[in-house]
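In structure tokens below, several structures.
Each of the next two complexes has subunit A plus one more chain, namely subunit B in the first and subunit C in the second.
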Partner chain A sequence: MQQYAFDMRNISIRYPHFAMENLNLSLAKGQVLGLVGVNGAGKSTTIRILMGLVKADAGQVDVLGYQLPAQQVQAKYDIGFASDDMRLYKNQTLQWHMDFIHSIFPNFDHGYAKDLLQRFELIADQKMKGLSHGQRVKACLLLVLARRPKLLVLDEPTTGLDPVARDEVITELADILRDDERSVLFSSHNTHDIEKLSDQIAFLDRGKLLALQDKESFVQSWARFRCQLLPQAQESVLGAVSIRRSGQLAEVITDQCSSDFAVVLHQAGFKVIEQHRMSLEEIFVANVKRNR
Partner chain B sequence: MSDGLFLSATDKKPMYEQIVEQITSKVSLGNWPANMPLPSIRELAAQTQVSVITVKRAYAELELSGVIVTQPGRGSFVSAQPDLQQQLKQQQLTQQLQQLVELARQLQLTDQQLLAQLQQKLESQR
Partner chain C sequence: MLNALDNTVMIKRLIVKDWQLVKKSLAAYMLGGVVVIGMMGMATPLMFNSGAIMMITLMIVIGARSAIELVVNEKKDQTLAFMMSLPVTAQDYALAKLGANLALYLVPWLLLVLGMLLVIVSTPVTNGVIPLVVLVSVFILLSYCCYLATALLTYSEGYTVTVMIITNLLLNGFIFWIIRMPAVHLTLEAPTASWNSTTLGLLAAGSVLVVVVLMLTAYLQKRKTSFL
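So, the complex of A and B:
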């Protein structure tokens, strides 16, 4: 029995304007991994390599115990993939698509599909060309979710959805958390959605993995301090990621937050006025800036 | 949903802390009686749309503070300590006293001044 949902090792790939070198990324079974990155960071490339849609120049990809791309046919029975640029047959109905998927994947659950139709407010007899963007995204998700795949890979699942549709999608994703056999990888630049459901967070920038950590320690270790500068304030503080000064005040960001850090700050001549938690988005931006 | 929690992403408190607080208040109010089985970590995560790791952390904290007990393989239960509700209220009082002292320090009150104000308050509520 494999303990990883997937394991990517030493992945390198080179395009004319993009390079990824020695990427290592893995996900334990039963966990949710959120992949965060700006446009062009390599999120989709990572997902495409994982799906066997693109072959890496070097490295090993193991998904649900199968080697990719060699064993991708077997692996794909248990993988569900949806991306926002996925095309459906525009002259066919959603029902036709459901039957089509069922003909390939025998485990397609029509009962669950029916529930999803209702919850996503979709109509089975409607042709794809009449659907709005949000309805199309939900239709794609329905086709994938109804197979109850062991590994669900979602490339920007909530991009371009209105708040209500996004909430519907998140609710369905949350339902997967009940099953400890199922794993999810999803990419987004909406860090709010990722922050909510993910156990693990990966930050990707310019083809490099900046960080991979469990969410709780991530959010715990970063903090922002608003300080008053004392006359003897030093230039730098050990453990500070960034220090911005404005007159008598300074803002210090750290990725090593503990009760000791306030003491360290004080010794360096920074009198703490306030301490704030940082959102995942702020942590991401600070992380990218530090590494560029 | 009788055992539902109300979590908010815009709350200043982190999610795990919100879970800890709400379960603690359910227990101290007696809504969740002693020995009641808690929803499994995955069940609560799915229900509240919060990641599994966050609920895990909340349950760990609840166990540490004695509100729940976890039996490996069986799940978590509301602690059966006879004076749990009393203890929780005492913890709350200690916390609020801490905040009181911090506020007084920020206002640069002397110990006497703080005690005098407390005394005054106690008398007025008699």
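So, the complex of A and C:
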């Protein structure tokens, strides 16, 4: 039987300008799931429902064996949550926050916290108001990681960071997330960050789950073909996500890339000139356009 | 859903956290309160009346700062997400906020009121002003409960400040109104505190309203399905 870190079933929620209908999303234990979506796609809503902060209109949420939102207190002892809009008390030091978290989570690992302080180049006695945005993000991550939660939920933690700080955070996270026991949900609109950290990737747009696959499957199944149009070229090609024509040339994108697809193209009157692998960002954009 | 009282350890922890956040400023206000009570204790009409005005101001400032700093700013400064990531429900959080605010306001409020009463009974100031002092203090407490409720239910600085302004304006009207009441102004110069049916009725109404506002706040908070 599959062991889930979380399992969201038929989740629906409706706001005046946003609706999520029958969202199904789950994460196997020990996996890192990257949730990609543009601003307003529903990433934060999904995470808030997952944390019990928002009650869905319909559906079931199971996190680490607990039903949410009813059992959110028990579940939250094992969930570490950090988001880009999370701030710490500006007039208090990081040490005060560490002591506060320790008073709630007896398993708070001071040795690990000390290690993270060094890795993140943070000073425990510094007040929060003196920290840069990058340092604040690192401080939040330190507080979350030192609890050693079973499930880590990171809602756009790299948003607003400068490229150097983002690289530092992602590099550290990649190192930290090697722990096979820990399950991670990582949301971002930055596909590069997601690509570096995730085992599985989910695309979300306008409250709908567009795709959920492991990273390799995405990269292998999606491709772009540059073709010359033959006189008998058909209007559509089986398996093509999009066809963009320009004079005698066409760009065909597929999500069913295999050696057979080139044959299918040729039969449809498209002579393949070049074939390219697509980046995750390109795959995401193609996915969104197809579904809009 | 877990009963909020099942999570008393966390609720207490959040209350202690709020105490740690405001203890320095609260100590400064209490020091100010001691100075003001000292002024009132000089028992001259000028010093007593000036002290009374300063005391009203101090009570309002302590309440306003408590509601803004501990509730509204938690959302404004985006520390609410941090708090809600802890093992608490929205109801636990609201209960903790209600408890912390009441404790951190009621205790100083009570100490200041008792300090004023002590000054009145132990100095030549006529004890007849006691009902007026108590009624005004209860009105300030009721005002505090109203803007605390607004802060807890909306987390909006704009709404909370609006209610503060309205209650402060009403306070002026209230003082003007009760001072003109024969049941109050005819006994102001009396050597003993004169509690009659009017003043007792006002006291009871104020106390009931305080309880109603707090209970309504807890009830409405419990009905919320969305937090953050």
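Keep this in mind: the second predicted complex is superposed on the first by the 287 of 292 C-alpha atoms of A that agree within 3 Å, B and C clash if a C-alpha of one lies under 4 Å from a C-alpha of the other, contacts with A are read in each partner's own complex, and residues count from 1 in each chain.
Methods note: a contact is a pair of C-beta atoms (placed from the backbone, for glycine too) under 8 Å apart; a residue touches a chain by one contact, two chains touch by 3 or more.
Quick caveat: nothing in here was measured; it's all calculated off a predicted structure.
> After superposition on the shared chain, which partner residues are touched by A:215: those of subunit B (first), subunit C (second), both, or neither?
A:215 contacts subunit B only, not subunit C.
> Does the superposition put A:71 against subunit B (first), subunit C (second), both, or neither?
Second partner only.
> Please work out whether A:171 is in contact with subunit B alone, subunit C alone, both, or neither, and reply first, second, both or neither.
first
> A:48 contacts which: subunit B (first), subunit C (second), both, neither?
In the superposition, A:48 contacts subunit C only.
> Please indicate which partner A:196 is in contact with in the superposed arrangement: first for subunit B, second for subunit C, both, or neither.
first
> Counting only touches as set out at the top, which of subunit B and subunit C does A:100 meet: first, second, both, neither?
So A:100 only meets subunit C here.
> Going by the contact rule stated at the top, is it subunit B or subunit C that touches a larger number of residues on subunit A?
Answer, by number of touched residues of subunit A: C.
> Where on subunit A do subunit B and subunit C both make contact?
No residue of subunit A touches both subunit B and subunit C.
> Which positions of subunit B touch subunit A when the two form their complex?
Going by the criterion above, the answer is residues 9, 12, 14, 16, 42-43, 45-47, 49-54, 57.
> Show me the residue ranges of subunit A that touch subunit B in the complex, using the header's touch definition.
For this pair, the touching residues of subunit A are 30-32, 170-171, 174-180, 192, 196-200, 214-216, 219, 277.
> Can you tell me which positions in subunit C touch subunit A when the two form their complex?
1-2, 6-7, 10, 13, 17, 20-21, 77-79, 81-82, 84-90, 92, 225-228
> Give the list of subunit A residues in touch with subunit C in this complex.
Result: residues 48, 51-55, 69-74, 76-77, 79-83, 85-92, 96, 100, 103-104, 140, 144 of subunit A touch subunit C.
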